[in-house]
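In what follows, structures are represented as structure tokens.
Each of the next two complexes has chain A plus one other chain: chain B in the first, chain C in the second.
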Partner chain A sequence: MDKKKTILIIDDDVHIRRILEIKIKHNGYDTLTAKNGKQGLEIIQNQKPDAVISDLNMPRLDGKELCLLTNPLKKDRPFFTIIITARINPYEQKWIDEMQDTIFMEKPFSPSKIVDALAQYFEKTRPES
Partner chain B sequence: MKKTKFIILLLFLLVIVGIVLISYAQFKKETLKDYRQTKESGQSLIGMLSMPSTASLLSGSGNFLFRELSQNALSNKIAYCIIHDAQRKPVLLFSPANIDQQVPDIIINKSLLESGFIMQDFFTTDGRELIEFAKPVFADKKIAAVVRLGLKVPDNNFFTYENLVLPSQIAFFILLALVFGYYWTILSFKHLKTIKLADVGTPGIKPGKGDVKDIIENLEVYLSSVKEKTSEAESRRQQLESRLKISQFENKQFFNIFNAFDFGILLIDNREMVFFANTYLLDLLGQSAEDLINSSYDEVIEHEDLKAFILQRSSAEGHLTSKHMNITFEKTDPGQFFQASSSNITDAEGSLFIRLIMVVNISREKESEKAQQDFISHIAHELRTPLTNIKAYNEMMMDGEINNAEMQKEFFNTINDETNRLAKLISSILELAESEMGQLTITKDMVKTDWLMEGCIEAVEAVAKEKNITIERQVPDNFPKVKGDKEMLKSALINILGNAVKYSPESATITFAIKEADDMVVFEINDTGFGMDEKDLPHIFEKFYRSENEDVVEQTGSGLGLAITAEIIKTHDGFIEVQSELDKGSQFTIKIPKGDLFIG
Partner chain C sequence: MKSTGFEEILSGFSKISPLKFEIWNEKGAVGACDPGDLDGVRQFLPGMAARVYDTEDFRHEETERQDGLFGLPLFDDDIIAGVLLAYFSSASDNAQVSCPNLEDAKALLTRIAGLIEERWDMQKESDTLITELDKSYESLHLYSNVATQIKTLNFSSQMILHLLNEIKDNIRMDMVFSIMPDRPDYSEIVCKEEVNIKDQPGFVASLIKAVEKSEKALEEGYFIVNNSTDEKLFSKIHKDPFRFLAVKIMHNESFYGWLGICSLKMDDIIKRSELRLLVSIAEQIGVVIANTDLYHNLEDFGINIVKSLIVTIEAKDVYTGGHSERVHHVSMLIAKETGISEEDRKVLNWSALLHDVGKIGIPEAILNKPARLTDKEYSIIKGHPLKGAEIISPLDYLAESIPGVLHHHEAYDGTGYPSRIKGKEIPLFSRIISVADTFDAITSDRAYRKGASFEKGRKIINEVAGTQLDPELVEVFNKVYKTARTWLAEGHLK
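Then we have the complex of A and B:
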């Protein structure tokens, strides 16, 4: 039996944090939550989650800045990142494409789609036994 | 040809006159010589005849004397010889042709009366020139006789051999020179016969026998044509020179205008050489005009992207195309964006003669585009966040994942709250749109400020009561009136008062004051809440701006409330100011022109 994966949820909206926490826990993962990018970065560095779900538009270090700071960490310890955003600006598409193991999902998203994406990633990256 | 004939005729006349003059001089010289010889002969002969022995001749041996005279070498020159006795009577007379009878008396008298040697030059009555020599012969110291000798002055004929020898020689040499000159000219011009004069497009050239006349005639025609063409060329040169000067002046004027533009201009001619670069572009490139002008752009332009763009456009098909490329320059700030565009300029025949490269600073457009994109992103974010919650919570309920009754209630409440949030947000956006169009759409009425105050307090009272917040009123004796849209003004004030309640801790006191200052009504709302960071103050009236302050982030909000308020105040020709200190509170001051100003 694999060790439970830990998923970090970063969003300044309390309701989104809450619903994602419930949905992800129901699907057998452990969860961590952060109210903004700054808190999220600290958790990524200290608790090394297996995946990060982050809002793009946040106070105190937004989703883009968080990705740019955490992407280099993925060379040594790859982890999955889902960026939740209301809209991707045309001039912002480029930086997302340059991030490793990163996808984005537009609001309003379906919580089921989030867990599907997580399962797919972990399935793909599971070491051959 | 007429000129040539005239010159030849003139030369000929000059030669004739010269020959005549020389002949005349020669003739005069000979004449003088004869005259002198005659005088000398006469003098010596009269000298001999006047010897004292001559007196003895009077006695009768005169015939001997005359015989001697007739046999003298000068006999043909002697016209007469007369010897007079002491009484001046002619005693011996030698006059072969009786010329003595034609001697004027005055000559005779003078010869006879003078006692010395006399020589007289005179003309006889029939016009012959003679020289009379007279000398007395002395015997015993008395005049015994007078000898008179008349000599003919020789008739010197002009056309004598002596006269004509020199002119003939001169004429001969001139003739010789002319003959030689003629043949020399022919030989010199011989090669000219091979020139096809007609080929030079000279009208009037006639084919001839190739003699000098033809050659000279043709040369004359040709030279006149050359002269005509030289004159035409000179006139064209002057025209071109003046056009060039005008063109240079115009170019300079154009270049001065181009240099005044606040965008870069680069002109490249059809040889791919840089024709002109304005100062704006030179500054961007960090190069001087001397570096670029009259050099191949490929070699001198150091900016690789710009060079690549020019090359790409030069290989593009078709004329009058205009494309662009975004570029940046090292010399400018990182946030500065430029756009290069190219236009091929053709002449009337459609041939490319210059390429115009323009480099325009599009930072402002980029900034504006980004601001617009950010605004759309903000609206999308604000609208889609509650929508996401409604969808997500609803999906979980529908999927039957939430069985706990307590949690189900929480979910329903969240869905309800988020629906209200979404509805409020849509109202705010509509309100903002309305206030931005306010100048055109609002209708202004007289609004009582006591009504405004009570309406605002009533709107926030419920929330204030929950937090045990007290709202103190500070009012004037007489409430002034303002002119405006009462609902809009109320909405603006509610936004400020609502924020004061929202961002104040529990049991705080808020002051709402109405004052009059000059021609304005002043609304002051003071709170002792969280206050605002200095760095947030310049941005609080921007749409969707929200502070990153922990206490602010905790509260839900769209970031539109203050933007709407500022827009409404502006529409009412008012002012809004804020003073705030973190953890101490904020004071908002709104000034609206008094209503009675409008009704006079």
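Then we have the complex of A and C:
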């Protein structure tokens, strides 16, 4: 069987972290949480999660800065990133498109759609057996 | 059995107190102890656990060596989910300690069991809250989606379909429908593939019919049935039991129809949160429909004003009454057959209605002259397309319709007026209007002659294809000719 995937949840709002944590755990993943981009970055570097779900607007390193810093890591070790944001504007769509394996979801987000997106990504990237 | 979260604490207790604690379920010890290692007094634990499971009550036993054994059931929702066991071993190294008395042991065990049960309850409560929260997030997401769609002025059947699908996925219902008797475009049903309802429109129609028989539904604006077999009116609608919710789509005092959800899965009920969500969505749909209606009313109002204007113009011309409306109708028939877009049809609609509006500037004496026109009079007549374009030019809304009016007297070979352009240089709308206008000119009475028959008109149209008229459009005209003739013969006569 596949090893359990680990998902990192980064949001400064504790309630959002909690609900995503529970929802994602319920769907058979391990979770890690961070309350800002800086903490998130450390976890990405040290614990190498398989996917990152991050808010866009956060104190101490926002979602965009985090993406710019972690995108180079994806060359050697690809992982999935979901950026959660209020309504997206074309300018933001552009930088997100430039990132590897990165998508955005608009707030208010649907927890089940996030889980669907994770499953889809892992299905797509599963090595041929 | 789920974790109690107390296993580690109990194993800690066991190290420092004379009593050793363990939690067991039907299969054996749970947590810290090795279930296989049944030395000394532990060999009695499996039997003890089984007996506590049986009696579902506190139990105290002593072995021949005077080891004490205590057991207490752990309940989760009134169902025994495990047993808390405690034992005292007289073979223990510390011989000075004796077995605690029965009352103390019972009190302690009861306390610990209480804590474990309380923790289970809290966990359950927290799970419920989180599930609720999760649902709220989904609802919020759905609602924001709906709100975005609803901002658009023109509601369409695709939007309704999209909306119903979103609701279906979001609240995991088997079927979602909107039924608006006066608006078949907005009446849609979406259904999961595996659901066994063959005649879905019939099913929904019967549902709504039954709902409308109930006074309660009419008062409250919604109607819930959690089990169709309990309700006489609904049990006959489908062979399997189902549950459903229908919410009125209204705005102010106007009733538009019903928004509903239905499921054949009977292990759940329609929840309050689902009702709230559906009511909000139905309210929003009501607002959009009212706005869309308002928009269409304004548009109709505009068209009717223009039609009155045209009647006024045509009143001057004793012979051409109804000409503009007939040209408009035939032009639209041709346009429809060519398959141009809805947007383009709107533009043509105005061009065709207004093509002769410039005739308002032509003296009645010339318009109604029974004899041949002089060159000077004819040049006045030829001024009407330009005049018409000038008349509508201040109206931004009609800007796109101006070319159609200005060029409706151009000829395909370049011999027309006012610009003497030819072929496809002539705007499409003008070329369409030309065909319809020429046909009506031939077949209606004029100041100086009687009108020809429809058949004669069609023949002449085909003769001037390529010179005066666009041959491709004449072909299209031939296709719609029968429909046009029927309509013209039905009282829209010359």
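Convention: the second predicted complex is superposed on the first by the 128 of 129 C-alpha atoms of A that agree within 3 Å, B and C clash if a C-alpha of one lies under 4 Å from a C-alpha of the other, contacts with A are read in each partner's own complex, and residues count from 1 in each chain.
Just so it is clear, a residue touches a chain if its C-beta (ideal position, glycine included) is under 8 Å from a C-beta of that chain, and two chains touch if they have at least 3 such contacts.
Please read these numbers as outputs of a predicted model, since none were measured by experiment.
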I'd like to know which partner A:Pro108 touches here: chain B for first, chain C for second, both or neither. both
Looking at the overlay, does A:Lys25 come into contact with chain B only (first), chain C only (second), both, or neither? neither
Just checking: does A:Lys4 make contact with chain B only, chain C only, both, or neither of them? Give me first, second, both or neither. neither
Of the two partner chains, chain B (first) and chain C (second), which one does A:Ala86 touch, if any: first, second, both, or neither? first
Contacts for A:Pro59 in the overlay, against chain B (first) and chain C (second): which applies, first, second, both or neither? first
Across chain A, the partner (chain B or chain C) reaching more residues is B
In the superposed arrangement, which partner chain does A:Lys48 touch: chain B (first), chain C (second), both, or neither? neither
Overlap of the chain B and chain C interfaces on chain A comprises residues 15, 18-19, 22-23, 106, 108-112
Chain C-touching residues of chain A, taken from the complex the two chains share: 15, 18-19, 22-23, 106, 108-113
Please give the residue numbers of chain B that touch chain A in the complex, ascending. 370, 373-374, 376-378, 380-385, 387-393, 395-396, 399, 401-402, 414, 417-418, 546-548, 553
Within their complex, chain C touches chain A through residues 130, 133-134, 137-138, 140-144, 170
Sites on chain A touched by chain B in the complex: 12-13, 15-16, 18-20, 22-23, 26, 35-36, 56-57, 59-60, 84-87, 89-91, 106-112
